Amino acid sequence: MTIDTLDIAASPMPATVPKRSFLQEVIEDTPGSDPRFEMCIQCGTCGGSCPSGPDMEYSPRRIFAMIKADMREEVLKSNTFWYCVSCYYCMARCPQQVHITDLMYTLKRKAVREGYCRKSTASDAPDFSEFFADAVLKYGRSFELGLATRYHLRHHPLGAIKMATGMGLEMMRKGRMDLTPRRIKNVDQLQAILSKAEEIARQEREQGGVA
Amino acid sequence: MAEQKQFEPLIIGFTCNWCSYRAADLAGMSRKKYPPNVRLIRLMCSGRLDPAFVLKALQGGADGVLITGCHPGECHYLEQNYKAYRRYVLLKRMLKQFGVEPERVKLIWASAAEGVRLAEEITKMVEEVRALGPLNWPGVAAANGDRLIHLTEKEEVAA
Amino acid sequence: MSDKGKPKLAMYWASGCGGCEIAVLNIQENILVVDEVFDIAFFPCIADFKVKDVKGYPDGYIDLCLFNGAIRNSENEEMAQLLRQKSKVMVAFGSCAYEGCIPGLSNLTSKEATLHTVYLDNPTIDNPEGILPQPFYDAPEGTLEIPVFYHTIKSLDQVVDVDYTIPGCPPEPHQIWTVLQAVVAALLEGADLPPAGSIIGAGNVAVCQECTLKKDVKKIERFYRPYEVIPDREVCLLEQGLMCMGPATLSGCGALCPIVGMGCRGCYGPLDGVEDQGAKMLTAIASILGVGKPGEDEAEIERQLDAVMDTIVDPAGTFYRFSMAHSLLRRAKVNGR
Amino acid sequence: MSKERIGVYICHCGTNIASMVDVENVAVWAKENLADDGVVVARDYKFMCSSLGQELIQDDIKEKGLTRVVVAACSPHLHEQTFRAACAKAGLNPFLCEMVSVREQVSWVHTDKAMATQKAKAMITGGVERVALHEPLEPLHVPINEATLVVGAGIAGIQAAIEIADSGFPVYLVEREPSIGGHMAQFDKTFPTLDCSACILTPKMVTAGSHPNIHLLSYSEVERVDGYVGNFTVTIRKKARYVNEDVCTGCGICIEKCPMKVIDDVFEAGLGYRKAVYRPFPQAVPKYPVIDTENCIYFQRGKCQACQIFCPTQPNSIDFEQEDELLQVDVGNIILATGYDLFDARRIPQYGYGRLANVFTSLEFERMCNASGPTNGAVRLRDGVTEPEAVAVIHCVGSRDKNYNNYCSVICCMQSLKFAHLVKERAGPNTEVYNFYIDMRTAFKDYDEFYQKVLAEGVHFVRGRVAEVTDAARLPGEEGKLIIQAEDTLIGKQRRVPVDMVILSAGLEPRHDSVEVGHQFGISCSVNGFFTEKHPKLDPVATMTEGIFIAGCAQGPKDIPASVVQGAAASARVLGRIQQKELALEPVRASVIEEKCSGCRICNTMCPFNAILFHEDQMVTEINPALCQGCGSCVAACPSGAITGTQFSDQQVLAQLEGLLMLSVNGGRVLEPEMA
Amino acid sequence: MKYNYYPGCSLERNASAYHDSTMAVAKPLGIEFQEVNDCNCCGAVEFMAIDKMQAYALIARNLSLAEQQMSNGENLVAPCSACFLNLSKCDAYLSASPALADKVNKALAAGGMHYTPGQVHTRHLLDVAVNDVGYDAIAKKVSKPLYGLRVAPYYGCLIVRPGFLDKFDDPEYPTSLDKLMRTLGATVVDFPMKAHCCGGHMTQISEPVALYMIHQLLKNAADYEADVITTICPMCQLNLDAYQHNVNKAYGTHYNIPILYFTQLMGLAFGLSAKKLGFGKEFISAAPALIKIGVKPPKKPKKKRPSKQELPMPVMPEEE
């Protein structure tokens, strides 16, 4: 017997509660009824159905295998869920009725919260979501011009110019884009609701739950 | 009178001959220990359970009643456990009106293979009922001896 | 038979509505026969006797006592004991005396709550000082005493021995007349009385046998309250989702209610050999609900079951509308009592 | 004070019970404290089940005139029969003996000897109270009719029928279709041996058709089933063939002359045609054709009569006036071998069946490969001419899928391997074949060897469930092809495989009418819709209803060998019954006290075995004791207390309950008296 | 028929043609829309990616507003597929999870609002048109049938998948829009990719990926010689329309297929003016395609007599 194994044998049992697996974590953080993530049988229907499957680093099927293998960091760093277009083909076809699309949202939220999205090859995507959400938080409505400008200026400055001169201009010319944001009347109320929602989510996280 | 002695609830269990009674057999064969507070009555099927049996048990001195049957879809008589389930749900609703705590009457599905689980469920229920204290159904009390007897209700004299 | 002339008849009204007296009078011209055959010994509703008169009778002076009403307070209990002592044959007359009846529903709550409802919390009450009945009151003239209001309503047989029971709320006049005829025959002609403890003046099967509505196999998806639907007058009400206690209730009434489209309320009580009418109806109702089959999703069954159970409003009050005080549990446990 | 004389016997079971229960004390206590309840003798003994222990009881029955016996020992599931038999030997009705399980439920599971002893006393009290109300019962003896009904004449039903008939007993073999043979008759080759299906099946069909003990009722359906085990009366509708079987020689001229060609959805699985007067296939048994009135020109328009005109028999075999016949047969046992339906692949639109011409179902492909099928065995595209260069076989179509059927259809993997082989064999070894699978399941004898063989033939295997089949070309080389899109899970990449032909290995489903058929025969269907067996392992061909057996795919998906095994097994069970001539049924039964029944009909839906019948005329319900299985659900349902159950009556259960409640748990328990 | 109306952000601006044409056809269809006051954005697919609780609270605020203003019945009509999905998904998940509903209601309470799951019945405009109004009633209103116009009916994803509330059409091979177009007199082309994805927000995140998807759809429609693609979703319209030029550039193709809302085609068939229906706002002009609309019904192609060897096709159930 080596010293190492002796050490391990002698070390006291950890007093803390057993660590929650990544699988449990994502299950708990997914809204609605039982998302059935543990039921994946690795048949590949999702990966085969996914319109952006060829561009994903890992197919959704592999993501399930990686989650079950507790490969937390690798999963959250991947671009898979950022390439999800929410077409729901996987979910409609899954023979195990796993809520696959919902998993993608859960992973997006985790990756944003924990900063993993910056390490992903799809690092532009979270900004788009965030800018979109910012506009909604501010005005209660989406604001295409603001969103596009802000987003493209950060990520594709050249594209932004193209946007402004090409498609964007055309959009405005055809009256399909606003120059100023529209806002709802009760922005204050909406903001109160959303900040309360954020508080609830924060509390949940602090209480060891997830959100 | 025994003082400060732990309250020992008395629970009557109704078991299905094909699943839960065999589960109790299995718990025995596996020497799985559980408290001696539950006494079982064998029925052919949970579908045989007449709610009156439960009322009689509660009124007659039991502090809780455990009903067990085959898991849904596994009834030896095809589907009678669904009838038991419906009767149980309605009975529970009614017992609530009678002021009986929900923990006192429980339905558990247990297959013949679930001896250990049945023992654990019994243990759990005994503790739950113990925590509630005696049911002492109005109109029923015990004598000092070890035989429970039924007393007629003493009416209050003062308003 | 009394050697002092005609047999003596008593009828007393404890906790009840008075309908039983009306039902006796409702035997129509036969009431003259009653008058002819019996001497009235005590019958507060129709003749002016006082309790002290009864106390003055020798034991067993009254040949037939029809006791109606439940035992709600100490006076009811005292009168039951007094009349028992003075009567040869004690009959629990009507549902209240037999099994508690509507007053017995107060066993689902506490004495305090009942008094609260009656004396304090009701739109028609004007009681600004919140005065409740008190058994003793020191008035300038001396201490006044009123009967003690019990926590639990009891049936007659729970306080005194009862020889016969006539069920019904109220018993049907034709049934009353049949019973009276039998008693008269026994008293005057020495005919045999039914064995002591019998339920008399009723049938021996359930109401469904007398009910003329068409009965088929039953599968109920949900229940309706009477105001929610207009029933088909040809078809079993239960099958239409209307609560009907007929299957669990002793016949004898002629199925009056179901035939006119109102579900049987259960006033004739359980069948012979059935200890608990409510439990029997509960199990029957649950048996025929169309929810739950092998292969169905358990959560979905639970959801459906909850939905249909929600349509059974007040199960305890429905299944024990008349028999609460005489049921297995007799009363609800309120605040540990 | 009980009028019964009850003996109580407490077993030590060596030390098994005695170590945790003070058995001597229990015996003394019972004699003293339960005397009022009728106990006249209470003894403990080392091993109650030993012959000496049994003699102890028997002697007391004889000498002390015991009328009831309570044995406190192990579980009744172990020794109830032993002690019942012991009582019977001493002249006491065996059902007057009650067992109390103080080993499994007391000594083995508890740790406090005082409390365990107290519980044993309480349980014995319950037993004593209950046994006093027991009634002597006699088992129900029913004679067994020698004849057997077999429903469904596929391979399982044929096998069962032949086995019974060969043993010398009569069989009624009922088949819905015009010919027996079932699905097996449609196949070309059988896996893994690649035997010609027809070559091995037709001899059996001929045997079944000509066996002196088999009464073949083809083109017939069971209308109703009355009675119970040993004594079923079955009404069978023999549908009008419009062909007189007594004179028809099966020459086939009518078929040849019939001008009306229709798509054959049944035997040819929609891939071929038949005439309006037809015989499903040349080797059909019986050989007589049938007129399909819905498509017959004469029946529809009153003209034509070609079949009649050209019929060469004297008198003419064609009888347009023929009507359905109702036959009644009496049988003792019934075997249901009603088979399966094929999953309808149209329910999965992304696989394109019905929309994309060159997507075929497994059954269509079977017919295509069959030498007597629409292409005479050649593998062709829907145009009937082109030979495919690439073929995809999709596994698990409609199986292992929560959206359709949960279960694995068992046969599809092997069937798909067979298809791959057949494509290579018929369309040439250069034809590319792709099998798309989730898991390859090749259990059982010689199956995996077949997989090896197909691998060696160069078939491609892609592990991935197909996402969709499309004709929307996207990449070069996809034009005009069917493209299979799937994730190759072993590579982890999405693939698009262009092929010419797609074969969908559709799953097996319960017959569309299995629930109704089950109801007719008083048996149930499981979650998946297949008939439920009595025990999945130990009694796979019996059902909960005495006298009804199941075999073949009606019980669950299975291949030909397994169907044959079940057919034979069911026949063995039936033959066992027939040899016994009489069957003793447990007398635990419910019955209606007629005078108390009001005819409310609450109980009428309670019985899954159809034992409850209602007499409209008298407005009372009756329970057929031979059909009743004794569950007691109707007893619990009856609101009038008009149904009672032997051995489990309300009074018996309540008496036991009162007994159990007589003692507190620890002896020291005192309930608080009610507060004044 | 009265309905509550939730236009969402797109219909206010970039898909104003959809809104205008919806309003224009409402009258002939006998529909009265009452717009729910002060609705906010449904969050599209983006908000869900940021914060679950906020995303659900955001949607629930709209449901709560609709519940409060339910003067027009319980139906809430969303013409945008994304809005439709978000509203119905939120409602379904709140119903399925009382814990979630509880938290969301706590958040709503901060704004003095509340929503009882299951109270509002979210419907897609297409569902309402074909199921509530019905094909027969629509057919009666057709005064200028779209004879000769070859239409590719494009459903996209979210109207049929995953189908949280009413699964009013097949998630894989929907047919209701096909049948509606046939009712209008148009020739419906086989369009196998009719329920495939338009790329959604991928145009912003990874344009090549999005262009690939859009290209497939355009190619598929062009392969079947569609004159126009008709759509039921603003996002699909925008992607297929505004990016068609980019697709052509990237793939060297020359697609010129106008992408029109089904309400616009309905309006044309009802004889309404193109201006009222928002024509002219599309990037790919609809004008050349619309010229093709003939006055005579096209002749039904003769059924090809099957050859002797040809094997019969499986019978498909008739489309309702």
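Each chain gets a letter, A, B, C, D and E, in the order it is written, and its residues are counted from 1.
One rule holds for everything that comes next: contacts are C-beta pairs under 8 Å (C-beta built on N, C-alpha and C of every residue); 3 or more make two chains touch, one makes a residue touch a chain.
Keep in mind that what you see is a predicted model, and the values were worked out from it rather than measured.
Listed by label, the chains touching chain A and chain C alike are D. Identification of common neighbours of chain C and chain E yields D.
Of the two chain pairs examined here, B-C and A-D, it is B-C that is joined by more C-beta pairs in contact.
Chain centroids computed from C-alpha atoms place D closest to the centre of all protein C-alpha atoms shown.
Mean C-alpha position of chain B lies 57 Å from that of chain E. If you average the CA atoms of chain A and of chain B, the two centres end up 49 Å from each other.
One inter-chain figure worth recording: chain C and chain D are separated by 52 Å, centre to centre, where each centre is the mean of the chain's CA atoms. Chain centres here are Cα averages; for chain A and chain E they lie 26 Å apart. Looking at chain A, residues 89, 93 sit in touch with two or more other chains.
Counting partner chains per residue, chain E has residues 172 touching two or more of them. The set of chain B residues that touch two or more partner chains comprises 50, 52, 56, 73, 78-79, 83, 87, 136, 138-139, 153, 156-157.
Every pair of chains meeting the touch criterion is listed here: A-D, A-E, B-C, B-D, C-D, D-E.
Those residues of chain E that touch chain A in the shared complex are 9, 12-16, 38-41, 43-54, 56-58, 61, 89, 92-93, 96-97, 100, 103-104, 106-113, 157-158, 161-163, 171-172, 196-197, 199-202, 204-206, 209, 213, 242, 280-283. Here chain C touches chain B in the complex through residues 74, 77, 108, 111, 132-135, 148-152, 154, 158, 275-276, 278-280, 282-283, 285-287, 289, 291-295, 298, 301, 305-306, 309, 312, 314-317, 319, 327-334, 336-337, going by the rule given at the top. Per the touch definition, chain D reaches chain E in the complex via residues 263, 270-273, 346, 348-350, 353-355, 357, 361, 364, 368, 374-375, 380, 382-385, 468, 470-474.
Across the interface of their complex, chain D is touched by residues 170, 172-173, 192-193, 216, 219-220, 223, 307-317 of chain E. Listing the residues of chain B that touch chain C in their complex gives 50-52, 55-56, 58-59, 72-73, 75, 78-79, 82-83, 85-87, 89-91, 93-94, 97-100, 135-139, 152-153, 155-159.
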